[in-house]
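This report refers to the structure that appears directly beneath it.
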Amino acid sequence: MSGLVVRSVDRADRAVIDGLGAVGVATVHEAQGRTGLLATSLSPIYPGARIAGSAITISAPPGDNWMLHVAIEQLQPDDVLVLAPTSPSDDGYFGDLLATSAMARGCCGLIIDACVRDVRDLTRMGFPVWSRCVHSQGTIKATLGSVNVPIVCAGAAIDAGDIIVADDDGVCVVKRVAAAKVLARAREREANEEERRLRLAAGELGLDIYDMRGKLAELGLKYV
Amino acid sequence: MSGLVVRSVDRADRAVIDGLGAVGVATVHEAQGRTGLLATSLSPIYPGARIAGSAITISAPPGDNWMLHVAIEQLQPDDVLVLAPTSPSDDGYFGDLLATSAMARGCCGLIIDACVRDVRDLTRMGFPVWSRCVHSQGTIKATLGSVNVPIVCAGAAIDAGDIIVADDDGVCVVKRVAAAKVLARAREREANEEERRLRLAAGELGLDIYDMRGKLAELGLKYV
Amino acid sequence: MSGLVVRSVDRADRAVIDGLGAVGVATVHEAQGRTGLLATSLSPIYPGARIAGSAITISAPPGDNWMLHVAIEQLQPDDVLVLAPTSPSDDGYFGDLLATSAMARGCCGLIIDACVRDVRDLTRMGFPVWSRCVHSQGTIKATLGSVNVPIVCAGAAIDAGDIIVADDDGVCVVKRVAAAKVLARAREREANEEERRLRLAAGELGLDIYDMRGKLAELGLKYV
Amino acid sequence: MSGLVVRSVDRADRAVIDGLGAVGVATVHEAQGRTGLLATSLSPIYPGARIAGSAITISAPPGDNWMLHVAIEQLQPDDVLVLAPTSPSDDGYFGDLLATSAMARGCCGLIIDACVRDVRDLTRMGFPVWSRCVHSQGTIKATLGSVNVPIVCAGAAIDAGDIIVADDDGVCVVKRVAAAKVLARAREREANEEERRLRLAAGELGLDIYDMRGKLAELGLKYV
Amino acid sequence: MSGLVVRSVDRADRAVIDGLGAVGVATVHEAQGRTGLLATSLSPIYPGARIAGSAITISAPPGDNWMLHVAIEQLQPDDVLVLAPTSPSDDGYFGDLLATSAMARGCCGLIIDACVRDVRDLTRMGFPVWSRCVHSQGTIKATLGSVNVPIVCAGAAIDAGDIIVADDDGVCVVKRVAAAKVLARAREREANEEERRLRLAAGELGLDIYDMRGKLAELGLKYV
Amino acid sequence: MSGLVVRSVDRADRAVIDGLGAVGVATVHEAQGRTGLLATSLSPIYPGARIAGSAITISAPPGDNWMLHVAIEQLQPDDVLVLAPTSPSDDGYFGDLLATSAMARGCCGLIIDACVRDVRDLTRMGFPVWSRCVHSQGTIKATLGSVNVPIVCAGAAIDAGDIIVADDDGVCVVKRVAAAKVLARAREREANEEERRLRLAAGELGLDIYDMRGKLAELGLKYV
């Protein structure tokens, strides 16, 4: 079942991917019906990074980072590496050497349901990672995994070529075929929010803007 | 039992509240007999924030942020929103729109035993939050909760109008009626500490300053 | 069994200690056969700190920080305080006063399998700490512990005088007698890495640099 | 603030207490508007126990079980000991000797947001405990706490004399003054459930019994 | 994206399903290349249960158990209910009434990445559940989810009609189309194990039975 | 550093080992000054087991159980296997085949800071295990570890030949050279406890038996 590398990956339009990245995780997640979020067990190794790219997926044995080398060959510019171990592992699969290699191939970040090391270097290089934690613990290269097969990473099902959006709010996956529609809905949502933001900033209440008072009273809310 | 909004909240003197904020969480907690700390499961979304204000309490259903809109209407300048879900939830109850609304009412921060999103925006706006984690997961508006009723938030019992002090060391609640006395004791403590700090910085030992050697020897401490 | 302070501690050469600190945690851990890491439950209270020093070990009762005062007297310049409670505790054993005292004695940092407070002050003072969390909860001074006895801290066995290396990647202990040999191997490793880093940055693949293709094919890796 | 023992505790009628115990945690919690549950971090040390009694509350320092001896003197037959440490602790505050003493005073169980030991003996003696875990770690007797003051235990605010209901489903607190009303509502609920249980057992669907189909269709549920 | 009920579910042969159940989780997981296990965060509410059945999948909002009623109508004899909340929830979605209804439809168990209540009743009824924990916390019926759509439950991707095998060792999913092949491999594995068990019971060593000594020596294992 | 098997292990007298087992974990831990407990993250796979034996220690790579086969050859009757992974792992290192082999060599149990599987079989065979959890996840046999070297298991430093005592209260290690003295102290403690148990059962209070009232009053305990 493992030992497979899928070489051809369909990717979404770069403009759509960039659009989703500009919108950000929270809005993208809302725009696709509150789905697609990866678990909060993943967090960025440094604040402020924002990426969007096509997923190169990696299914790796626990404590074995061999498949990262295999996956890096499959990267195209602006792709995102997404690694899920086949059994829970907090080992440090990835450090500055692999980041150097991935960046040389145009990779824009790593999502990993395990750990990384050399975070000072990764931060200096500007290579963003969302991981379970930071752990120096090294890995071995003994067992095959697979690249670009469907994986479940931090609770989300991800296929190669799906769009990964990640920022300080977390990580969200958008199915490739739905990407354009999700972007359209996300932008619509942003437009609505902008108008509301101005009214709220001026001191108007959500209770009035969203016309909530009647519904609340009907359900029995009592002021004393 | 839910569906109640208490409109009148007694608040402590602003000077006392500001004094407690200046003293900080660690000293306030000591000054009131090592009580009042909220659990360490809450942490600030960005470092460096320090606030003190009167609590506007919110008891909210899990995954339902409706009562935040209700609570914002009850805010007075320098109040702090304090939200406890009625069942554990890591959903993102609060983001930049609600923060915009709360800031427009003079709110100085949010304490929430659940999660928030749009942390990049919140950081940029300078709206401090102490939360369980960051999660984009959206909430619904379907069930009533209550505002300004007694709550238990992160293990601490909090009434509306209690003083909330929060900084990088965590969050502490001070009972409104005890606030002036706690502040007096905290300042006394600070004064003592200042003198000790100078002696310690000069190389004197705590063993001597606090006269511990005799007591340690009596209990049987042995040097070898 | 407790109530013991060992005054004579053999320390490694300062040059070796400094060398290990320059190399950093991830490489030191690899150079000694992937051993010596403390658990990831410890993390730095602020990013960017890097230290190496000789361990002054403290075995302390849960919620009792008395032995820190005793240990500070045993510090020599560039030593590291390493505290393990005898039963799990998340109390705040250490704050700005103790840091002032430890710095006055030349201490370069604290490793503690418990918590600390006054982190804003500690950060300002530049006193680095690796701890389980931040907690204002104060401790008592009622029960003896021991200083410079063997301890287990965050899963690693540590003797007084062992070398502690700590940075953003975590904390690693190096046995005093092995320190010179570990440093030699670490530097060798660094030299190798440098050459590889250049080749990877130029776009060469790890698959080729490390000659992995044959072995992968032999194990059955399939490209489709 | 600590060092207080309140000797007079108002208790609910024994018949009401027994009634709540017979109804059980899940129903009592529903009957009082889904409030009063203690956190799931507490679990029974052996399956099958069911108790209800008046709370004798204990606020104890972390790792210090002295106040249990003080509290045992305050017990009346069928009371429940409820202990909350003032800072998180997983130490074993309670074992077979204290259980022997508590049983001799008529105590029917212990709720503790910390740990216990001698669980084989406790099980044999039939003394039920709901605790965070089992831990042999002993405690000291050095610092005062309080007895029969308001506490927060596992996230729930509890006053002395409140009714504690505990079974395999967890632990629930009922405010003393509301006990009779809660019992009435719980029994009503049970009666309704009994009729529904028979219809469901006969193969009728909840969709029909609760008349849900219309509401689901209205919200847009689609069958394909 | 939610609000969908898929009525037609392809199921594997009952003989194959029963065969997988008889083999058990550990062997099934090995037989399909060490894949398919759900996370260890799920555990049985009572020991000794063993089930195998076709999955009826439920995607439910956090704290909302409405879709369980919808799903029960879709059950056929020996099916297994498998529920994943769309956001983490530890609420008690399921109790004795729903179990009564599910059993009346022939359901053989529930796998739920959330909690249940009435465990004493469920145990007495012999209705097995694998859940995150036991929690009395009730749920609401306000928002649509979906039934028989693909879900990710406790880290595993599950489609309606997949085979669920569960016992004291945990929960494993087998893809419907692979079921017969997995069963064949599992039985082969069992046959091999039986012969080895006899030799091991007779005192022969795995080192000899599996011929490991040469490989170990080659890698450098040293006896001292 | 790994790849070492130490064949000669000094063991304590069987009578002393049996004595410690009869006394049990809680008392042994007290008798040696409240030291030696392993972390509460380990728990028995079934209730009621009580063992004591000499430790055969195993340092194993994460997710690799090869060294268990090597260790089994080193077992003598009534020894206990004690395994610590070199990096955290929740994989199932051990099941019914290895248990069959270990029992054939006289092994009386396994302590493992990782997981096991086939727990139904292990329970039926009466082979007790204290582990982090139950997990079917299989392991590989690719990398060397060591046998009978010093390890840190669940926070406790353990040497081969140390005495392991384990029961429902957890796991405790006693240093071989101290075993006889610890047993003597444990028995003394038991004798004292027996007399106290009778007095407590008769209704006498610990406050009086241990003469605590004066000390409590002196510290300021107030009855109201």
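Chains here go by letter, A, B, C, D, E and F, matching the order in which they are written, and residues are numbered from 1 within each.
In the analysis below, a residue touches a chain if its C-beta (ideal position, glycine included) is under 8 Å from a C-beta of that chain, and two chains touch if they have at least 3 such contacts.
On a predicted model such as this, the values are computed, not experimentally measured, just so you know.
Contact with chain B and chain F alike is made by A, C, D, E. The minimum number of touch steps separating chain B from chain D is 1. Interface note: chain D and chain E, two copies of one sequence, contact each other through mostly non-matching residue numbers (shared numbers fall below half of all numbers used).
A rotation of 180 degrees, rounded to the nearest 5, superposes the Cα atoms of chain A on chain E. Remark: chain C and chain F have CA centroids separated by 28 Å (rounded to whole angstrom). For the pair chain D and chain F, the distance between mean C-alpha positions equals 31 Å. Each chain gets one centre point, the mean of its Cα atoms, and the points for chain A and chain D are 42 Å apart. The multi-chain contact residues of chain D, meaning those touching 2 or more other chains, are 34, 37, 87-88, 90, 137. The full set of touching chain pairs reads A-B, A-C, A-E, A-F, B-C, B-D, B-E, C-D, C-F, D-E, D-F, E-F.
Taken together, the chain A residues at the contact with chain F in this complex read 61-63, 87-91, 137, 140, 142-143.
Chain contact summary for the complex, chain F toward chain E: residues 3-7, 46, 66, 69-70, 72-73, 90, 92, 95-98, 100-101, 103-105, 115, 117-120, 123, 133-138, 141, 144.
Of all residues in chain B, those touching chain D in their complex are 1-2, 32-35, 37, 39, 86-88, 150, 152, 155-157. Residue ranges on chain C touching chain A, taken from their complex, read 24-26, 29-30, 34, 37, 40, 43, 47-48, 50, 167-170, 172, 193, 196-197, 200-203, 205-207, 210, 212, 216, 219-224.
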